[in-house]
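Both complexes shown next keep subunit A, but they swap its partner, so subunit B is in the first and subunit C is in the second.
Showing the complex of A and B:
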């Protein structure tokens, strides 16, 4: 309760007062729903109480005697945060949500998760570093992105769970109950009109309050540190940390695009078309969510909030110190093999001999793995899909997997490049 | 046109001219929106078998004089002007590219193991340090990161160049040791004038991975 010790500025106090007030109102609204619609007394009591708690917080901050996050917690969070734990937690969270989808898609559970998140973010915002980063006009879309991606993933899973239950009971999925046709006029046109008005209004308000983040005139001598790509490219920028520009900038994006185009041709599952479901499309949905949420959205969030000067990783509450120095000595596979394995210096070798282990490894990965998979664990798929579709699928997944593989290798053994031929501008 | 001959080619002449005009327009306007296809209806030729000369003259005049033709000519001319204007942009009056070589002060003005950002604007760091063979040399490193071309910063306290884009690190020698950069920073040609000033020539580069750092032009001995 050391409010003034850390000197929360009055604008932060007021902002948080408003933030908690909104949270309180949301909970009162939720309680009202249970009171008038669902007629569930217990829920009314619970969410009324939560709303009251938020209202109390709001009063405290408006009265300028709100709490701020203690140093102990901040240091702890910063200490456990690094790229490895960040990714591990994201993947585990996604796995948990998918596995326990029945639990998480319960609206009350989801609401609780949302409220806990908001409560914690409110506390986190008492930290000036954290607030400075998330309220930067550049970064506001990413905050919106986190919540909207979370919400839509949740919504899709919830509808999927409902439909899965219906299908298990032998009923048609909900979408089949709807009418096939909607009228263009007035249904569609009105919807579009309303969307247009709402979005125009929102954009005008946004443009008014959050100024365009312009920086000093561009100059090759003075570049911002960190230099960040536009937010939608931060996933690519993060890939560039692990790959040669040629791989991360050309090959992998090409495969992403080809893969997305090829999806309908690869998909041999006739079920689950035109309605939400999970059980009928476990593989497709899981793969997609891995690729989209973990390898794209999570990377964008990482790039936005956790990459600081010199592209170093910074914890949520860590000040962005341009002199933070992390030992990042990276070693190529050829060095590992020849220098540490055989005690030979790679300096004088011909590149083909030097890189032979890496080249063989990559070729083995790309050429041997698909047949092995076809013979063993993915046998069913191979039989069902046929030669071409199966190999296309496996190759695409292999390229997708290159990123996490390379990340793990970088984190564990500081591996820089598997194949390293600077003579020919070719590195993997 | 004083000697009129063929009576009938009026129609065919008309169409070929029209086609030529349209295709010229199309060629000129190729990058822009394709002009609407125009079909020129064959105009009834005033039949005056007795005197062919005036009729032909009249036809040409009428064709070139029509508003239609005026419009097309104006349109093609403006399109042509636009294309030419665009081409003109490829040859600017002033080349803002800085000269590729610049002077970097006296060789004696450099302290060992110091990197200063004085010539960063010009695209090079001029550094005096010991090389691998323990010789005291002065060399000019390019400020272009070998990963994707950002400009790294020299961190004096850590004694390294660090790139703000993906975190590549380079030693004072320019050799990459951390992050994704696949090769060392490049050296520029450097030479000492008779008066003792250094001249850095950015048009010649020396890459370590190609063994070019042994080239005597890539450094000067102190």
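Showing the complex of A and C:
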């Protein structure tokens, strides 16, 4: 935290003043809840103090003190950030939230996490690079996505923990308590009306204050660097780092769609229908969260905020330098096998022989693994699910696992392709 | 409330709403049965099913945003011509010349919001296990709706015809080139040849079908325009009708058994 002005523009400072003011008000509201509703003195004091801290920050920015993040911290963050640490941290965070769900879904803990996030985000916004990416009009939805997915994950897990406890005590889930029917008019139509009014208002405000982007007229001569797909497809574009377009853009998305449609037919667990819970559906929920949070949302965030020119990785505060070049020394599996294993050059080999190890590996993975699993550790599942369901499930999970497998291979042994037959555009 | 009563007793009012105001139980039921739009709903609903904390209202919000997109989209069509000559300038004048000038913003941010709300809707349906019997089929209908919604968003992205638009669509549609057997740089395409003549080349593959050309040009603009304004919205509207119908036929919004 430097306290000397770094030449923060006054609009940034005013924006931050407003930002921290909102944070302060949120905390005062939280404190007020504890004062009037929960009547918990300690909490009132804590959140009142946090609110006061935010108010102080707000005053400081409105007064143009120009506090900003120090270079030391920024450099440190940029240095420890790379695709590997980014994914490792995301997965660990998800695992921790799921494992310690009782702790994290406690409203006070969740609120603290949110406040720390907001506090840090504010400081991050004093960095021009960070602000430039975050506030790009088309990137604003992603900020909304991050916070809404976070909020709803919290909400669902909290309700799940409560229901799990009830079920453990032999009581029905909360949803069951409100089984009686109410009339649609007024109970539902009014909710819908209010929702509609609120959303119309929010959309108009959003539209009024944030102009839709319009760049230079289209020109086939000037290729922007980076060229990015629309944000909701950036997860797929990020997969291009690890797979060729036919996998990343066609095969894997097709499997996502098939997998989603097949999901209700594979999941034979009849529990957890119509209420939030976790314990009764551990496997299903964990798998889905891995897919949705890690392999979709986290990938999109990476593709939007951390991928710059030439699709290189850039830390949060790193300027997007188009000349940044990273050494590319990726090696194909055929090289590992023939060159490093047997000292033979692959240059003159017939492609079938050259790629045989890779092809066998892939075939083994896809064809041998399911029956082996059915015979061994997943035997119970196999018996319960039957042939078709079981193989569908395992195949889908195998395809889902391809991305993480390829990532780890890339990061650890610089593996480029498992199978590399450029003659037929068949590279995996 | 003399005026109110006078209006409600007039012949015009009674011809539109064929029952007294929904103030008592009977008329609250009647209103749901006699109004074609309200009739999408059942007369009564389980209390737990309509709790905000249960559905997050996300299905409803997605539907609402679809309506917003339809209305603003129709208005935008008055201003926009899908040709290389006009497209970009029409978008420019929407900002600079049209009154209020937030039509395009409403449409664009509404579209982004719809992508987010549909994901969240799917997320909540999953987390409440609402895809389980008897709702498997409706989940499938939902997945198709999700794909169509993304395609709607994607086709719309090209229409402003600026740098952002064509390069994003170029990146996206390049994938089609690699479709197995159907893209000319896709695995297997080379084997589809008769007497040495390749069947799948850059002028006949999946990407060509999508763009109507070898690159993102005027034919692509027209195709995306027609898909965006006519074909996809019709398909989505149809499937939403099926979706809503099935929500009711499958026993209403799910709840603990």
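We adopt the following convention: the second predicted complex is superposed on the first by the 419 of 428 C-alpha atoms of A that agree within 3 Å, B and C clash if a C-alpha of one lies under 4 Å from a C-alpha of the other, contacts with A are read in each partner's own complex, and residues count from 1 in each chain.
The criterion applied here is as follows: a residue touches a chain if its C-beta (ideal position, glycine included) is under 8 Å from a C-beta of that chain, and two chains touch if they have at least 3 such contacts.
From a predicted model like this one, the values you see are computed outputs, not experimental measurements.
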Self-check item: When subunit B and subunit C are modelled together on subunit A, clash or fit
Solution: fit
Quiz item: After superposition on the shared chain, which partner residues are touched by A:155: those of subunit B (first), subunit C (second), both, or neither?
Solution: second
Quiz prompt | Contacts of A:245 with subunit B and subunit C, given as first, second, both or neither | solution = both
Exercise. Check whether A:74 is in contact with subunit B, with subunit C, with both or with neither, and answer first, second, both or neither.
Key: neither
Practice problem: Considering only the touch criterion stated at the top, classify A:354 as touching first (subunit B), second (subunit C), both, or neither. | Solution: neither
Quiz item: Given the touch rule stated above, what does A:285 touch, subunit B (first), subunit C (second), both, or neither?
Solution: second
Quiz item: Is A:310 contacted by the first partner subunit B, the second partner subunit C, both or neither?
Solution: first
Quiz prompt | Touched partner set for A:406, first subunit B, second subunit C, both or neither | solution = neither
Quiz item: Given the touch rule stated above, what does A:237 touch, subunit B (first), subunit C (second), both, or neither?
Solution: both
Quiz item: Tell me, in angstrom, the smallest C-alpha to C-alpha distance between subunit B and subunit C in the overlaid model?
Solution: 5
Quiz item: So which positions on subunit A get touched by both subunit B and subunit C?
Solution: 219-220, 223-224, 227, 237, 244-245, 249, 425
Quiz prompt | Touching residues (chain side subunit A, partner subunit B) in the complex | solution = 219-221, 223-227, 237, 240-245, 249, 309-312, 322-323, 325, 327-330, 416-417, 420, 422-423, 425, 427
Quiz item: How about subunit C: which of its residues touch subunit A in the complex?
Solution: 22, 25, 28-29, 31-32, 38, 41-48, 50-54, 56-57, 60-61, 64-65, 68, 88, 91-92, 95, 102, 104-106, 108-110, 112-113, 115-116, 119-120, 123-124, 126-133, 135-136, 139-140, 143-144, 146-147, 150, 153-154, 157, 160-168, 170-172, 174-180, 183, 185-191, 215, 254-257
Self-check item: Residue ranges of subunit B touching subunit A (in the complex, touch as defined)
Solution: 117, 120-121, 123, 143, 147-148, 150-151, 153, 155, 157-158, 162-167, 169, 177-180, 182-183, 209-210
Quiz prompt | subunit C contact footprint on subunit A (complex, rising order) | solution = 138, 141, 144-145, 148-149, 152, 155-156, 159-160, 172-189, 191-192, 195-196, 199-200, 203-204, 206-208, 210-220, 222-224, 227-233, 236-237, 244-246, 248-251, 257, 260-261, 263-265, 267, 269-277, 281, 285, 288, 292, 424-426
